[in-house]
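Before we start, here is the structure in question, set down as structure tokens.
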Amino acid sequence: MDTRFTGVIPPVVTPFKNGEVDYDSLDRLIELLIEGGVNGLFLMGSSGQTAYLTDAQRDAIIERTVAKVAGRVPVLAGAIDTTAARVIEQAKRARALGADAIVASCPFYALNDMAEIEDHFRAIHEAVDLPLFAYDVPVRLNGKKLDTAMLVRLGTEGVLAGVKDSSGDDVSFRRLVAANEKAGHPLAVLTGHECVVDGMLLLGADGCVPGYGNVEPRPYADLWEAAQRGDWAEARRIQDGICAGFEIVFVPVGRSGDAGGIGSFKTVMEAQGTIASNEMPFPLRALEGEVKEGVLAIARERGLI
Amino acid sequence: MDTRFTGVIPPVVTPFKNGEVDYDSLDRLIELLIEGGVNGLFLMGSSGQTAYLTDAQRDAIIERTVAKVAGRVPVLAGAIDTTAARVIEQAKRARALGADAIVASCPFYALNDMAEIEDHFRAIHEAVDLPLFAYDVPVRLNGKKLDTAMLVRLGTEGVLAGVKDSSGDDVSFRRLVAANEKAGHPLAVLTGHECVVDGMLLLGADGCVPGYGNVEPRPYADLWEAAQRGDWAEARRIQDGICAGFEIVFVPVGRSGDAGGIGSFKTVMEAQGTIASNEMPFPLRALEGEVKEGVLAIARERGLI
Amino acid sequence: MDTRFTGVIPPVVTPFKNGEVDYDSLDRLIELLIEGGVNGLFLMGSSGQTAYLTDAQRDAIIERTVAKVAGRVPVLAGAIDTTAARVIEQAKRARALGADAIVASCPFYALNDMAEIEDHFRAIHEAVDLPLFAYDVPVRLNGKKLDTAMLVRLGTEGVLAGVKDSSGDDVSFRRLVAANEKAGHPLAVLTGHECVVDGMLLLGADGCVPGYGNVEPRPYADLWEAAQRGDWAEARRIQDGICAGFEIVFVPVGRSGDAGGIGSFKTVMEAQGTIASNEMPFPLRALEGEVKEGVLAIARERGLI
Amino acid sequence: MDTRFTGVIPPVVTPFKNGEVDYDSLDRLIELLIEGGVNGLFLMGSSGQTAYLTDAQRDAIIERTVAKVAGRVPVLAGAIDTTAARVIEQAKRARALGADAIVASCPFYALNDMAEIEDHFRAIHEAVDLPLFAYDVPVRLNGKKLDTAMLVRLGTEGVLAGVKDSSGDDVSFRRLVAANEKAGHPLAVLTGHECVVDGMLLLGADGCVPGYGNVEPRPYADLWEAAQRGDWAEARRIQDGICAGFEIVFVPVGRSGDAGGIGSFKTVMEAQGTIASNEMPFPLRALEGEVKEGVLAIARERGLI
């Protein structure tokens, strides 16, 4: 396993202001995350609202982040597009801009079976000379879930360096951990399950990719350390606190999947002074009015603002 | 309603050979379709396997097709990408290359609500000066179905010129036809329901977008004419014949959604001499062996080869 | 094919009053349906809200209906329960009470594959000496859709007399019609697709099971006759009228699947004087207030009240 | 919280032999479970294959179990039927036969919203004087997931004594645990997530309902005790061992949801001598041949046989 890619690796939020990416806010956010003790940064994930970014914006964000990070932690970049031919184009650009690893989506809009998906990852690995992570996020992919045996096989063969699991399927996650262990632990298995990081670390995850880590990086770092030393009661205590704050995502009832969650993160981050505005990329509208107040009330109770 | 965009408008298959788009085959296919009596051509649809094409390939296909068609029928081009910012980039290039209309996907990978999707179409219309069709294809979009009232509202306001409905949801389709009628028929309502075109024309569709039309364009043209003169018994007779041939798509049991259907189309088209190979874009593998034989047996029984 | 079970066979609504089944209203409804020209009655369907009825209520409704109908049209009874062992108990009671045919659900709550479902229907047929219909209603069955080849095989072997298709999947419906024809037409293929009966009859359905037929039986009978004589323009005209009335089901936005549709039927039926109350079985609440007014406004415009 | 209903409460498998419930095997199984240290028994759950049992069989199983248990542990009985009217009939019979608590399904086949489901549970509580558990099992209920706030409200008001959560949704499970705690812990919150009991106990579950506990009750009892004393490393060690055995359920590839999992449990239980046969209720076929051998090989490696 490539140990550079373990621990807390938050998917970095993309700040917006007046319809454009706000790079000053991005700089502040990166600094905050690194000071918060994270072990790496993941660009172009769902929290980064990548689907809404043009290629030019994606490139500029990677470039800026790599410069700002200056090697202090590894930078993973999502290569998010419909099929391998297009993912490879995204990944090559990210590599040229200094990313340390690629996180590739499995095909979407396309309707593929598991053998085709395996070929997909093999092709990306052959074309792009960087550690490669598979991104398992069924909710965005018509419910498609990556096969455990395939992932371990690709790990053993050196095609994949790891998996970012946002499936919420614990049974398959635990089976992946066990099969990976049996195979000599080639894969770094990261969970996106930000509310159950304690449980996932207990059962053997190598790290976590918590979107909410943009709001509270330090507790995730503390949780990771508690887990490392086997203090599970403390790990749970920290996670329960995190979850009390995470309640913000349930305030925007009736908003779309992309507007509610990240919208609540950004609303607190704006109040914290990390980012200049809780604006989101078009056509997502920022939280405001009572919903915004509801989010901030939770953040205040949790002592975040 | 813009009457240029009615009748039979097949989504054009993208021929491949030795890993590259096969433009000679594409030329033959275009000629065959126009001679077969179609009323327009739709590029960059699902039958075109657009998700597997790079931007460079998409551009080259549009350019070649526009040149070959030389104004004989209108050319509609799909602008398929995750969100409006990216769709607009696709659409602008298609316009510059000579497309007559744009067929825009609703957002995917993104998780939006209907208000955000409405903004999505408005933004594309404002940015690209061409007739705009909404592409309603829930099976590729996490089950998302476009709202009838929204579509008619956008038609009335001149944002949308039409809808390409591949939802298979007849109740909403009929409601769309009725609401469109009531609003003065601003939208050209096209069905992608290639096995029930007779029934859909009976209930008021303005045309069809049949992938299987790549294999048999002429019967669809005949069906359209029969429907125009109200000869529904003949329409059904033709459609039943088409459906006998369409059985080819059910032969590749256990293949992925993208490999089975288009794979069977291409297999017959290869045997017909329209295209040089039944090859598909990576990672889709061409049909072969018993499956290929099964497909060809049906085509032979139908007299296609 | 058993021709007794063709034409218009509405699923009979179960009237309620003061928390009890209202048999006087049921009598009126039956009379209205028969006078309206229907060809049969289907008890214990979804429109009958069967899931909410105890066995004692189910029995009493069948008994009352059989007595009231007095042989004028055939009476089909749904045998709705989780698995064959339980369906058989329901079906035997229905047979003893005078039902002319059984409509059996495929297993639910249970998670079965198609081979198990085939055994399910065989067992019911062996145990109950009445014509047997398979009830294909995926929306209530975790999306499970009955296999076309299996249905035709069971028809050919005399296990099934017909299929009641409420799947809304036209491609499989047309394939069922074609395969049934090829096999000598053993099955009576009925559509539950009440808004597209014209199209479904055009493509070869043997009849329809329209829940909305409780509100307007006569137009469905007229539609059936127009189709029989090949007057498809008239069939469409009638269906368009029916659909204008069917808009009532879209008024109760935000109500549950079981409360909105049947609730709107009952609301018009109450206003028509067919049933004494628009009450529904616990825990479904009757439509009232603005929603009720909205439903009645449509019914008034259609001339139903 | 009613502390009688915490700890390890396996859902009891229903043994079959020659097409009938095998009561001698049931007796042996009950004895084995109690000797294995379980804290209660849950009859008529999914592992009991309740959907396949007639009312007469359900009653006989409850009666036999209550007699055999003789008060040594509490007996919870599932009341599984489509709606409240029918669930109440099931529950009253279970109470008369000596069950200590009722586990009621939410409505199925029916299509209800959350307000109707809340009324459903209230009605059952009013009608049946026994502690009531809500059974949250979306995979059998068209994906329906019970609302956290509703569950806690019903706990606070004394309607519900607990929840049996088989949703696999950890985020909502953790939120339920937290909300229940905040409300004074009225509910016993049990997880059906048999592969992640360690993680679920870490985050605050009051117990577990593991189907695989029929095969290995003792490790679950040990896991519960380790968790009680805060020895999480040991809890994980035990759970990892359990999961190695649980791999049997992944052997029957391509079998239905109801045949594969319970079929593999029964196959090992037969080899262990607990039950006389691995037979399943019609139309489920017992595992045999290579699949059976594959299951037994895993059981042998785990030292179960």
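Labels for the chains are A, B, C and D, by order of writing; each one numbers its residues from 1.
Simple rule for what comes next: a contact is a pair of C-beta atoms (placed from the backbone, for glycine too) under 8 Å apart; a residue touches a chain by one contact, two chains touch by 3 or more.
Everything numeric in this text was worked out from a predicted model, so none of it was measured.
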Taking shared numbers over all numbers used, above half giving same and below half different, the chain A and chain B interface sides are same
Chain-centre distance (mean CA atoms) for chain B and chain C, in whole Å, is 35
On a C-alpha centroid basis, what's the spacing between chain A and chain C, in Å? 49
Given which chains touch which, is the overall layout a line, a ring, a star, complete, or other? ring
The residues of chain D that touch chain C in their complex are 51-54, 80, 82-86, 89, 105, 107-113, 116-117, 119-120, 123, 139-143, 255-259, 281-285
Chain C contacts chain B in the complex at 168-171, 174-175, 178, 193, 195-196, 198-200, 202-204, 230, 232-233, 235-236, 239-240, 243-244, 247, 250
